[in-house]
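Each of the next two complexes has chain A plus one more chain, namely chain B in the first and chain C in the second.
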Partner chain A sequence: MIGAIAGKEFRDYLTGRRFLIIFSFLLATITLSLIQTKMGLESWNVPGSEGPKMYDIMFGLSFYLGFIGAIFALSLGFDAVTREHEDRTLKVLMGHPVFRDQVILGKLLGGALTLGVAVAVTALITTGMLLWIGVTIDDYLRLFTYFLLIYLYLMTFFTMAVAFSAHSKSSGNALMYSLVMFLALMTILMPIGSIVAHKLAGPKPEMPDELKALQEQMMQGNASMEEMQKYQTLMDEYQNQTEKWFKRYWKIQEYFQMFSPENDFTTITNYVLNPYAEKSEEQGMAYMVANPGENEKPKHSLMESLSFAEKELAVLVGYLVLWFVVAYLGFVRAEIR
Partner chain B sequence: MKRLASFLVFLLLLPLAKADTVFLNLYIGDTVDVNGVSVHLVDISNDYSAMLSVNGQNYLLVFGGNVSIPDRNLTIYLGSVYPEKRLVHLILEGPELKLKKARGSVELRTTFPSRVTPPGGSVSFTITVKNLGEDGFYPLRLKLPMGWEGKLLAEGSEIAGVYLGRGESASFNVVVRAGKVPGDYPVVVMTGESSLRLTVHVERVEVSLSADYPEKEVEAGRSVNFRIHLSSTGEVTLPLSARVPEGWSARFIAGSDVVRMIHLKERAELLLSVSVPSDAPVGRYAINVSAGEAHETLYAYVNRTHAGENGTLSLRVFDEESGSFLPGVTVALYRGGKPVAEAKTLSDGSAVLQAPEGDYTLKVSKEAYREVERRVHLSAGSKTEETIGLTRLPYYFVLQVQAPSKSATLGETITYEFTLRNLGLNDDEYHLSIVPPEGWGAIVTENPESRQGITSTYLKSGEEKRLYAVLIPPDSVKLGNYTATLRVESSGSGEIRTSRLTVSLTGSYGITLVPERYSLEVNAGKEKALRVRVKNTGTSPLTNVELKVNAPEGWTVKVSPGKVASLGGGDWATFTVRVTPPANADAGDYVINVEAVSDQKKASDRIRITVERAGTGKYAGIGIILGSLILLAIILRKYGRR
Partner chain C sequence: MNIIETENLTKVYDGTRAVDHLNLRVKRGSVFGFLGPNGAGKTTTILLLLGLIQPTEGKAYVAGIDVQEKPVEVKKISGFMPAESSPYPTLSALENLLYFAKFYRIPREEAEKRAKELLELVGLSDAANKKVGAFSTGMKQRLLLAQALINDPEVLFLDEPTNGLDPKGAVELRELVRDLKKEGKTIFFSSHILPEVEEVSDEIGIISSGKLLISGSQEEIKRKFIEGRYLISVETKESLEIKDLNVGLIEWRISGSKELIVYAERDIREELLRELSEKGYTVVDIHLHEPSLEEVFMELVYGGRKE
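Presenting the complex of A and B:
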């Protein structure tokens, strides 16, 4: 029964104009971006140098996939339940001998299938484009994992949209809630994190007056040897304190960033695509700079790279489960008139 | 003296008095007794008449006049009269004439007949004269040693005689200036037949010589002064002498003069300056000093010697015109025509030369200045200072060709840069000319770009000008070495300076390479060939022409042929380059550098190589894209239908 509902949903999605328009837009964006990259490569060629690596190019692509892809996922899910209300088909559906949970699971499965097809097509076209451009794909497994990650990421937004749809009276409301939540997670989380981190980390250590005076004296160039030594001691202490403060600050900031799916996606992308990416322990931010030239950096296996992003993966999966549960409960308990 | 001589003649004639005729000289006051007749010459007057007193009877006679005394058979004739000599000749005639000097009638006396005087000193005797005979005038005469002077003085003036009455007496002084030679000398005072012998003792003059410090220390090469004190008991003129060791010299200095003799009056002070040669060994040296009879030995102790050391000549050279010191002046010391030491002056015009002790010719010369020669003496271990002024020559110039030897390729004109500098005192005009190799063209120009020649140029004093000599070979010229002569003549001095300009004409070399294509598409791991043509664009052949290809690491490059031994002017050579990128090369554009190298010249170019991943990547990509689109279409077709 779930299969029938899922198949019906899958068909509905594919025939929907919305799917075709936004998916075409996504594909066009990616294709254009890659063509632009190819043209850039031709003019940017340095004799004898190695060509650009797969992760350099894919990293640039991730932004489009992350942003437009998320909107695409939202667009698929926001009216999954409300549409049935509005078309008054739900009652018809409920008239059949189906359980409510079968309906919602079928809907989710249908959406998942649709997204799967979309991601698969995107992955194939991207791979084809990369080959056509002449970029060396040194690890197909990582590329595959990357697209799996995209799928996971899009699924969180899709379930989120379905969850809002299950709780809303109209499609418009669901879309609004979904977009607000999407933007909140994308943009507002970071400044709030910063403010909270500032509050929790306590006041930033200030330069002591004595140190300021000594610094002034040093600038004018009339400090004695003893004063210079004292300045050194005080400065070291001050820097130590500042460093500690920054560590506390980043730690708190990190927690907030972790709740942004977009940030999680970017972080994991870096580890998955770049075998040389190091886990950043000191700061909450992973450096997104891939540096293929530096061979001193050790090359990590895919499992190692993934292990660096455990927390972020957990949060993404957590979101997926959370929205799934919310959607499920919302639909199952909904009063259907 | 004459009186004395005539008196002696008179005495000699005494033996002849027995003859019939006797010639007799008689002075005023003289009396002679002839056969008992007293003849006395009283006086002579200026009109050559004489007053004779014969036996107390006075006769006034002129030349030839006579007095006869018949009872004695005697006739007295008056001969020549010499009033200035106060003398007359008398001729006496008579048988058996006997002449007898009359007894002195005047007595001369003194209390102190002997006196002492230093050499050249004066003594005075007081003489008393008493008349024992007749009244009359008694002339006084003085007989002195050779070279002495004497006077008879009475009542403050000189006297010639004395008039005394019988029994009267008078006093007068005899003042004598003694001679220089010590000893006892007689001085005789005479009147008539009386005389008084006086004795003057000229004593010996004692001279003493001494020095304040009879022994002094001195450094070799310096001089030492001794202060000499001379004293004498009388007035004396003395020769001065000092005997010094060989090579030394000594001088007596009084005031600012160098003296050899001294006129000593009691005491005097002198300076003896002794110059010690620089090479005098350390030791004590005696200096024997004498002034006349006085001797003294002084000693100089040489406490430091400069034997074997060099002398130093410190020079400063300046321009006499401007007064400023001249740098870069050559100063040299010559001995016997050979240079011993040479130096150049520094920016402050100073120079220091060192040479062994001796006499040298110092030559000071500088370009555009008149050379100066000077005699200098250098002393071992000591410094001699000289300041020398140089005068600039009125006309002087320098011609300097920066690179007189050049090499050029066929068809080129050759330009030599040269500088004319007027270092003379005056402005000058210079005539410029070039004697080129036969058939060549040549000009002198102010601008190397222009072909406008000049034949003369004008330079103010101190100015310099940069000019260019341009040689233009004819078209038919052959390879080889050629010589031209640049000639510059000063119109001020007529001086001519020339410079040889040489040129070595060689052929030209040039190389270019022309690749068949500038971009190449190669599949990774596959070989691709490219032809590169190399041309000798010069006139001379290039040797050992080869093609070197600089490709990225791991690429295989083969070039054939490996080397072309010789490539003639204007000829082409074709090389084939086979490039194989490694199988794992990344797709993309690469650049290889192709360089044509010969012994003479080289040229290079870059070729872009596009590596494709064996073509499969591209097609696979397109295939995947198409496949995915078809897949999407199938899905849409199958499920997209309502």
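Presenting the complex of A and C:
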């Protein structure tokens, strides 16, 4: 039953005008982005130096994939359930021996298959266009993982849209809720995180008056040895406090940012695409070392890179499960009238 | 033997009783006309009988299966043509039927054969490969009927089936209902159009505000309706000048000068004849008034009388 419903949904998606238009737009944007990045890197390249790395090119692309891809995923899911009401087909379908959970699972599976095809096509085009830079086995593995992660990321937005569709009376409402939630997760979490971090981390330590006076004296060049030693002790203490405050601040900020799928996706992408990226203890975010030499081996294995982003991965999976449950319950519990 | 039975079936939506302690009995192999004005609870009853919604109270059985416990089992032996619905507009007529056939695990070849037969039956063979989105309302209704028959059901629930059909289509549908009855199928025919229910139904149930007001064969309904409230009219040769009548009636009045209208608790025609004769009147005509189904319906639904 689930297979039959998924098959119909898959077919509906692939032959639908919406899929063709938005997916074509996504592919066009990616292709243009790749060409632009290639031209940019070539013009900046010093003759004799090594060529661009895979991650240099993919970072530019990743923004488009993350943003337009999410819109694409929302566009597939927002009317998954409401369309049945609007086309007045739900009672016809439910009049046949099918359980409600089979219907919603079929719809989710149909969308998942469609997104799978879209991501696979994108991956093939992207990989093909990257051949000019000389992609290594490690690059291929990382690209493959990267597209799997894109799939996971897009699925969170697709299930979110289906969840709103299962709880809305019209497709218009479902689309509006989906877009508002998408924008909220993308934009509002950062400033909220900053405000909350300022509140929770407490006031930023201020330079003690004594330290200020000593600093003045030092600048005028009339400090004694004893005063210079005291200045050093006080400054160490002040810097220590400031560092602790920043750590507290960044930690809180990091927790908030982690709830943004877009931020998670960017963070994971940084680690997965770039074998030299590693976690900064201070800021908890991807930190890139200077460009390695041409024959230098990747600093981190793929598994190590993934382990840097385990929290972000967990949050993305958490979102997927959450929206899945909301969509499932919304459809299974809804009254048919 | 009853194929559909309900026991105090009740559905409350937001404090409103859409169906209120419904006790229905539908005989196997009959056409049951479920008659009621718009918003009476007809569709809700069908949705409850198919397990598409859960009752607030009460039980429903179709072919002995508890609908609440095994809705899918009920749907396997039922066909449903919902009101104000449409087949999938993105699929063709044939694809719609093949899609629904998958839910009964009908092998592809058999499903294709059955779908083509059904399209022929409902007069859509020429439009088999046309997208339903381009169909007229009448064509969609025909296809809805075809999809309800894809599993060769024992019980067929038709909810306002002639809505959107032109007169010819409505006649054809009623003929089809009669043919399906001949095949031994039970048909639950819901409508607000009295003449069509009257034409096709063996038994009728009249529902209003969620309550079943009366049910039975057309004759039974009329009998039940007039029980305790017999209307007899008498025409005499002479002008009537009566002060009282001693034959146990509820009320009487003289219409014109030669017609006596009598409401009685039972059929008192013989007593009336005797009394009028004793009073010296010559009775030209006397008859017990039998109400039409329309009168019963209007009186029950809009006149406030209940069973």
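The rule is short, and it goes like this: the second predicted complex is superposed on the first by the 318 of 337 C-alpha atoms of A that agree within 3 Å, B and C clash if a C-alpha of one lies under 4 Å from a C-alpha of the other, contacts with A are read in each partner's own complex, and residues count from 1 in each chain.
The criterion applied here is as follows: contacts are C-beta pairs under 8 Å (C-beta built on N, C-alpha and C of every residue); 3 or more make two chains touch, one makes a residue touch a chain.
Treat the numbers as computed from the prediction; the structure is a model and nothing was measured.
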Winner on chain A touched-residue count between chain B and chain C: chain B
Contact-wise, after the overlay, does A:M1 reach chain B, chain C, both or neither (first, second, both, neither)?
second
- In the superposed arrangement, which partner chain does A:L131 touch: chain B (first), chain C (second), both, or neither? first
Practice prompt. Examine A:F99 and indicate which partner it touches, taking first as chain B and second as chain C; both and neither are also allowed.
Written response: second
Taking the superposition on A as described, I'd like to know which of chain B and chain C A:F10 touches: first, second, both or neither.
first
* To do: In the overlay, answer first, second, both or neither for which of chain B and chain C A:F25 touches.
  => neither
Next item on the list: Considering only touches as defined above, state whether A:Y255 meets chain B (first), chain C (second), both or neither.
Entry: neither
First, second, both or neither for A:V121, with chain B first and chain C second: first
So the chain A residues that chain B and chain C both touch are 15
So, in the complex, the side of chain B touching chain A is made of residues 552, 586-592, 606, 608, 612-613, 617-618, 620-629, 631-632, 635-636, 639-642
Touching chain B in the complex, chain A uses residues 7, 10-11, 14-15, 41-42, 45, 47-48, 50-51, 117, 120-121, 124-125, 127-136
The chain C residues in contact with chain A across the complex are 13, 43-44, 47, 50, 52-53, 72-73, 75-76, 78-80, 82, 84-91, 99-100, 102-104, 144, 147-148, 151, 157
Residue positions on chain A within touch of chain C in the complex are 1, 4, 8, 12, 15-16, 87-89, 91-92, 94-99, 335-337
